[in-house]
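The letters A, B, C and D name the chains in turn, as written, and every chain counts its residues from 1.
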């Protein structure tokens, strides 16, 4: 098992001191593969991130050495699995800013987590005429669940507009919030523009109206240190697979007093107190919200992710930032490339269009050079409409990405332009 | 020729730049919309079918080079063909872009002859995800032809 | 990668011809571990089954070589992952009796699958006064979801009683079904009694009333060849982890015309056709029911399971049956042991009580000898009430289990009796 | 002694077979129910608290040997103790069964003295899943004592 290189910055070292991604690239087996005969330049991290060896090993460990269901058996393997499972719950609490473990619910993903809040909290509190505010740049996973519960309850979904640079229009929020505002659901980081939403401000504005603030942190946790206490939000959701972890697992963090009052969403094993044919009573949170056998191997893997991140040199993220800025510079220098999003402090990605070349064709041209990006609407059709496009190209980064990969990206774009004779 | 150049042959680039029959038919007996859920690209296809023969066809829409050129080339090649010939052509085209082309020498030759300029899309099979792009307009066409076949004027349908 | 031993039965070979579980035990790494210094006797397969090496390897392959999101990217890895993902969907269709792949929806588990049917189909069709019939021996996962939707719609959940031997009382069903009966939800195999429910009969009785038949196949697929066409049911749910596959993944099979008319349950990426802030339209099934990033590595693993099972000598299951009968015999011979369930043709497990010794204490005594069983209510509290107990001990089997392990079970029970001086 | 025999010491088996104070108190100032979600086992605990001292305590319920013996032994040991002594005792007990007992020799000895016959449950730490069983009645007791502390008659509460 390889482990991340931990280099203590020397006292007084300059903050932009070089950190070499080569020190961790060996941890990620997927970086060894080739695409059409070339080394892969994986710039689709916002879709799903690559997994370090230690995470894969921990998933394997569950399947090889600790296979058992959790919270159900008196036998040793079940007990070991349960202990590990609950330890990771605790770790997740710490990761989100030292929160008690019973505020951590394991779900099937960010999408599952937001549907849970919508169907349990939302359905219980929303009345006809109430409003759920989202932003114009939400991922469908933080929009459609609210549309569904709005339809069920007679509430309405409205979008906080974004400014030309891709920032949330807080003035609009201040003017348009009212006592009908019950839920304000925003992303922490936009998966298209990289904008960091000022969650603390949004949450404060929501709370003044008695509304709760739900944060889609799918793109937050991979790039920012998250402290839900400091953010002041009420719910925070993320996916393990975008945080270098396994597929099939998400986290919903929620404030205990809210969880306590929320009805269950799904019914099944593990979430009950007492069951009779005609009625049942339910377990306290977090169990109340975890019906059925949970994603156990996946939780093991997430534990290894958190260990990996804890040991990772924080300069890795400064390096990531620099590579993103470098990619941006290179692309900006190419005539006909239009960059989307210009919010100060944006993180993790560059989204762009190439004049006269469809994003899919750019994507294919890049793929032919081994560069993996995402071309499409990024599950953010309302934002595409706002930007006046149907699709864009997005290159998204992680600490293991290199300046060389940013260059391969720019070369691929040049190549696409050449093919299309622009 | 690189895989990329193979995919984007000059014929394709030409049709992409200057799509043929890129308009709505003033009168049509069939119409359908095709949508690529991957990218949100949409094409509208109109056909005029008379006595089982496609007498006119056109399209409009937004899309990538592959989907646009494929739509354009489709319109040029099917005009004057019978509906069943069009079906057969689509089958062959589909086989080619999905890399399931015939392997026997004579069948291969026959397929090449039948496909004509559509052979330019052979490179798509190296990029399976783009198959949807190459067949988007074709699927819409087949829907349009089916609605046309029932004899109702196109306007009476959604 | 080890693969299952495939021995073609010689023509005319006796059907009970010996098949040696040793021929596959090497495929299951977990069988190498020890419990308290003894080799593990894993008899908790109904809680979760062990995983063959080839399944673990396939999960690892996704994380090492094909990491990408599915159905979203134009790049090569995404395309490879998508192809494999859809191939497994097709495989699952074949596994369930050659059904078209668009009748296969991937979920988070059996529990997720049943909640999907309850909240999408159930919520749309149930009216006040309507009835959902379940059996008295359902797992909470096939009961509580119906209670929740019944409460939301004013419908009522009623239980078809079981007979003394643990069979469904079909006479009761015939007498009590009515045109208010909208859904009949039954397990294929009881997770406590091992009873095989005559699904074809139940489905026919349901259909005569215009009701649909939902089958909880969690304990069906590990022991029976399933052909949903022959069963005649409308929905069939199972969990990968109980079928030697990964955690975090389930399957909902459903008839296409029903799926076609069902509204989405969860909202999110991947299940939409077109999204605007105020409203969205949805993709056709199965995508409509798969919001968010699906459990991709898990689906890869399930593909390997189906390959493994296809290559597995069918005598393996006859062997399993014989070991179950042997365990039953050994236990029956111990004074004070009470066996629960006596339905002819029951499969996979033995559930019992030991007079004067609490099931947890039996479970701990067995664990001390390396024997892993489940002691508890098995998420079937109404059945426990019917049996007049609060908990039982359940030993559940798979083809890799041996006669020796059945003996270890009996010895452990004797040991528990000795400790408690019975 | 095997781990199993260590867990089920004769004292535990004796209390399991013949639980002490296994009844409802005729009058009590506090009552609570404890439930083990794992197995559905339920215990009811009643306490009589006077001037901060537990003057009487009893229990009823179904459970495994560990939970029943633990409840029984608990009732015998806390009678006459002050509420804060009971709290301290539960802390020590909890530490022992979770395997977090003190390691320093003098503290160890002190703990052993304080726990008295409760030391019979030391073997539970080798079976962590059984910790819930060993502490079930204790948790109920603490709840009962808390409700008792507010001075309202037990019947006035749910």
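The rule we apply is simple: a contact is a pair of C-beta atoms (placed from the backbone, for glycine too) under 8 Å apart; a residue touches a chain by one contact, two chains touch by 3 or more.
All values derive from a computational prediction rather than experimental measurement.
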Maximum centroid distance from chain C, chain identifier (CA atoms): B
Of C-D and B-C, whichever chain pair has more C-beta contact pairs: C-D
Cα-centroid distance, chain A relative to chain C, in whole angstrom: 31
Averaged-CA centre spacing for the pair chain D and chain C, given as whole angstrom: 39
Between chain B and chain D, centroid-to-centroid distance (C-alpha), Å: 78
Centroid distance [mean C-alpha coordinates] between chain C and chain B, Å: 45
For chain C, residues contacting two or more additional chains: 36, 72-74, 78, 274, 360, 364, 367, 375-376, 381
Set of chain B residues in contact with two or more other chains: 38, 40, 127, 130
Complex interface listing, chain B residues touching chain C: 35, 37-38, 40, 127-130
Residue ranges of chain A touching chain D (in the complex, touch as defined): 71-74, 78-79, 82-83, 273-274, 283, 287
Residues on chain B engaged by chain A in the complex (per definition of touch): 2-5, 7-8, 13, 16-17, 38-41, 62-66, 68, 127, 130, 133
Chain A residues within the chain C interface of the complex: 29-30, 33, 35-36, 40, 42, 44, 47-48, 50-51, 55-56, 59-60, 62-65, 67-69, 72-78, 108-112, 114-115, 118, 134, 136, 139-141, 143-148, 156-159, 239, 241, 246-249, 264, 266-272, 274-280, 291-298, 360, 363-364, 366-367, 371-376, 379, 381-382, 385
Parts of chain C lying in touch with chain D, wherever the complex brings them together: 36, 357-361, 364-365, 367-368, 375-377, 381, 384, 390-391, 415, 419-421
